[in-house]
Amino acid sequence: TMQHIFKEIFKAGIELIEDDHRKALLVSRKKKPENTVVQIDGEAIGREKKTIIAGPCAVESFEQVEAVAIALKSQGLSIMRGGAFKPRTSPYDFQGLGFEGLKILRAVADKHDMKVVTEIVNPAHVEEALNYIDVIQIGARNMQNFELLKEVGSQKKPVLLKRGLSATIQEFIYAAEYIMSQGNGNIILCERGIRTYEKATRNTLDITAVPILKKETHLPVLVDVTHSTGRKDLLLPAAKAALAIEADGIMVEVHPDPAVALSDAMQQLNIPEFEHFMNSLKSSRLLAAD
Amino acid sequence: TMQHIFKEIFKAGIELIEDDHRKALLVSRKKKPENTVVQIDGEAIGREKKTIIAGPCAVESFEQVEAVAIALKSQGLSIMRGGAFKPRTSPYDFQGLGFEGLKILRAVADKHDMKVVTEIVNPAHVEEALNYIDVIQIGARNMQNFELLKEVGSQKKPVLLKRGLSATIQEFIYAAEYIMSQGNGNIILCERGIRTYEKATRNTLDITAVPILKKETHLPVLVDVTHSTGRKDLLLPAAKAALAIEADGIMVEVHPDPAVALSDAMQQLNIPEFEHFMNSLKSSRLLAAD
Amino acid sequence: TMQHIFKEIFKAGIELIEDDHRKALLVSRKKKPENTVVQIDGEAIGREKKTIIAGPCAVESFEQVEAVAIALKSQGLSIMRGGAFKPRTSPYDFQGLGFEGLKILRAVADKHDMKVVTEIVNPAHVEEALNYIDVIQIGARNMQNFELLKEVGSQKKPVLLKRGLSATIQEFIYAAEYIMSQGNGNIILCERGIRTYEKATRNTLDITAVPILKKETHLPVLVDVTHSTGRKDLLLPAAKAALAIEADGIMVEVHPDPAVALSDAMQQLNIPEFEHFMNSLKSSRLLAAD
Amino acid sequence: TMQHIFKEIFKAGIELIEDDHRKALLVSRKKKPENTVVQIDGEAIGREKKTIIAGPCAVESFEQVEAVAIALKSQGLSIMRGGAFKPRTSPYDFQGLGFEGLKILRAVADKHDMKVVTEIVNPAHVEEALNYIDVIQIGARNMQNFELLKEVGSQKKPVLLKRGLSATIQEFIYAAEYIMSQGNGNIILCERGIRTYEKATRNTLDITAVPILKKETHLPVLVDVTHSTGRKDLLLPAAKAALAIEADGIMVEVHPDPAVALSDAMQQLNIPEFEHFMNSLKSSRLLAAD
């Protein structure tokens, strides 16, 4: 067993190096103890005031997006989400409007003085997309699309990075590091549920990922209550839990008429439901740092 | 495809029956719309006022249990947990003091006017255990030990039923039904994390199980923050999330000297940590219904 | 980091002890390098010749069991399974015939010179059950019902221990150790699929658990192809894989008329299907050690 | 409940459409009952003769690749794998030699009359890569990188598509459909283990995915024994199980000196181990269709 101890000392050496490695991560709180606040053209994510990002699953038309924008605005929100490039399980499902969708988002946002978050899926689209959007979203299916991560890391707009379908927290942190190592530290992390055996919800919201991510990194952390639960009746409870555990904000899907939505019909709030959602959060005292 | 439609009509018929079945569950909210409030000798679980149940993982001595009891009492708590029959992965780990442990729990509880929750693992022990304890806990490993469920269902003391290591919510509800179908409706459900691929935490706290269980059943629902996270630094965040999502209470492990504890040494709070935990919850405004 | 190295040396010390612990496990191959062969009244499990154990999910009547026994016998099999105490998710599902079922199994077995494997679920039933059965099965839901493990460990009949629904291999080995530490080393391990996110099969057959268990322990290892897949069309492929990876045998469910079976109707073979299954295995050259 | 039945009839209608959809999948066996045989410049995958694809995790140098090529050749193999674009969890891990690596692979392959399989990770690289490689591999992390799938679907070289880290079989089939819907039906599926709670292996080999994929699609199916197990001691058992369950072949990593490999050091076979692996498979009678 003397041999064993020497093996362990050797192993300890390796772990020390690994530890140094992790310490050296640019996204690590060991590297930068204070919180990163991501600025989106005047809006800050990561301050005491919580951020709600809402909008339709997919951009379908100017009218649809504008109806949502007006609803958001009237609730005091200024960041809108909406998908133009939709990564869908089947090639025969609606794939989004592409750049046409980005233009709609921009036009509505400009008209109503809002900011736009939208997913980009191809490294070759990033440069052109920057003309239209304020925050680049990396979706769950692309969390380890390292080519895309490097591409969005080498420009300056903020990136909203979603946790992969079954990514570990460690892998999630390394994905953020891919972006930051290219020079872009404007990263917002987003927990969106993980894949487990439980089928009562679409995914299992890993709520304690929020404090772990905030302890391990200096980045702001949102919770996507729509994709983590996949159930309208759980959006408000999940949002309350997320805010209580000190997430920096919430993402939620809103559509003027979910029944005819081209994707995610069952899990998007309609506008009155969204107003109820917002009012409930406001009265819960969990939202604001007044 | 006419044939297919008839098949579907047939299937619809089957589902209708299944649905009736589920509707017929005694634990279902369809059967009893109002909340069940479990009375533990004057203490109520399931009212607006939240319940905190705390205590050591394992009963080790009168002195150890009493030190915890005094700490609980001084925080205004009156229900203490503590294990005397310990289901341990290895047969060579500490298996608990058995009935000796129950006697210690009772003696401390009587001296300090408290109630006692403790796990029973053998149907043959239930009757004798009733002399010493106020709430019978069914542990995660025994959630589908149906013989034990039937036994605790055929007496009258409240039962705290923990979700199995990888039980679905549906299976959890049926396990409660095993108890209630024998005549005992004094059941408290307890979410305690599920087994997933993620290893940053001991288990993954399935936080949205709380609103689902409260919607599907009329039973009170607690969250065990110790076993779901397995990390001291996550106990307080997890408790806040649980209360915000409207769990009826929290279970947490406290030990006078965790470093020498005979089990769960790394995840039990010491007494000053417990006081900090309680004070933080109190000041969060999530605890009480004032 | 000098401090760190000392911490590691300390940790190495702990691991050494743990390692010794594991080495000391009675079921470990480090403790006993040669294979354990379990003798069931003249039938050996764990020899070069593979074992097929078949029979209905649940004992329903003498006629039903006898029809299966005759089919088994005509294929050269001598060990029959059949459930009399059925652990069912819902309390309203058929719970088995209990001791009446054991008597039917014994009567059929005696008449046709066969051996009987059946599940026992309550420690208090073990003693009486020994009058009727040749192998005690511990089901997946009871793999960590330690009271039951200790009870079957303190008698001498062979025990067939199924892996828990989401037990790790390590936990499975420790469950076997609970039995052997009480004095009974006649243990047969049975892989029966684990719970994962994939729903194309009832469980996910963890096929590499077989060589791991055979490397870590000296016990024979079977594969239950029925519960691991839950699909008739996968029984034969799964059995071939199991034999190729050197499992000591296979468990499979057979029922004279699956459509009217009181449980597991969809996944039991009828008798002609069973004959086809056996003939295919025989002609695959994977079964026998000729 | 009349209302319910009409709801069900409506639902049945929807399912009929879905069913038609699935029937219409180009990769489906319903669409094309006979097996697809993928031709790689004279080598066929999907015939009775099984295919073994082997090679280093990462291309490091001409000498390294050539040493492996010679070993493969002497075992009668003609398809070599080797990574030049390496998707690594950390941005600080070795990322592969890129196009330099492709050139090495091509040079070695031409010299020894072999075919080359290698992973491409960026849609923009596909066209250039076609100059050097015979089969384009889509790695697990990119199984739902739909932009990449469409790109490889719109050219003619065979594509080896690996199952995602926690993809369902359904999602895997749809990913193949993304490729085939663009016009390229030369697709080889590869099961490589799924992410589960069990940590005794790197992933859990989902062995019954093989017969399911072969039943649902007309495509050949390989098993990557290296990434599914992550353990050298399980490569041979896993390969035997895969062949017995009628996979069309095996992928395995081989490196002239694994200890100094720039990635996957612990799980690659060295050349004598590879020879032992091949000889054992050959003598198992599972490999060839003689």
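In this document, chain identifiers A, B, C and D correspond to the written order of the chains, with residue numbering beginning at 1 in each.
Convention: a residue touches a chain if its C-beta (ideal position, glycine included) is under 8 Å from a C-beta of that chain, and two chains touch if they have at least 3 such contacts.
Every value quoted in this text rests on a predicted model; they were computed, and no experiment measured them.
Participant: If I rank C-D and A-D by number of C-beta contact pairs, which comes first?
Facilitator: Counting C-beta pairs in contact, C-D comes out ahead.
Participant: When chain B meets its copy chain C, do both sides use mostly the same residue numbers (more than half shared) or mostly different ones?
Facilitator: Same-residue interface.
Participant: How many Å are there between the centre of chain A and the centre of chain D, using C-alpha atoms for each centre?
Facilitator: Centre-to-centre distance between chain A and chain D: 31 Å.
Participant: In chain D, what residues contact two or more other chains?
Facilitator: Those would be 166, 170, 195-197, 199.
Participant: Please classify the inter-chain touch graph. Allowed labels: line, ring, star, complete, other.
Facilitator: Graph shape here is complete: every pair of chains touches.
Participant: With touch defined as at the start, can you tell me which chain D residues reach chain A in the complex?
Facilitator: 21, 87-92, 121-124, 141-142, 144-147, 164-166, 170-171, 174, 177-178, 181, 195
Participant: In their complex, what parts of chain D are in touch with chain C?
Facilitator: Result: residues 166, 168-170, 194, 196-201, 204-212, 215, 228-229, 233-234, 237-238, 240-246, 284-286 of chain D touch chain C.
Participant: Quick check: in the complex, which residue numbers of chain B touch chain D?
Facilitator: Residue list for chain B touching chain D: 1, 4-5, 8-9, 11-13, 15-16, 19, 166, 195-197, 199.
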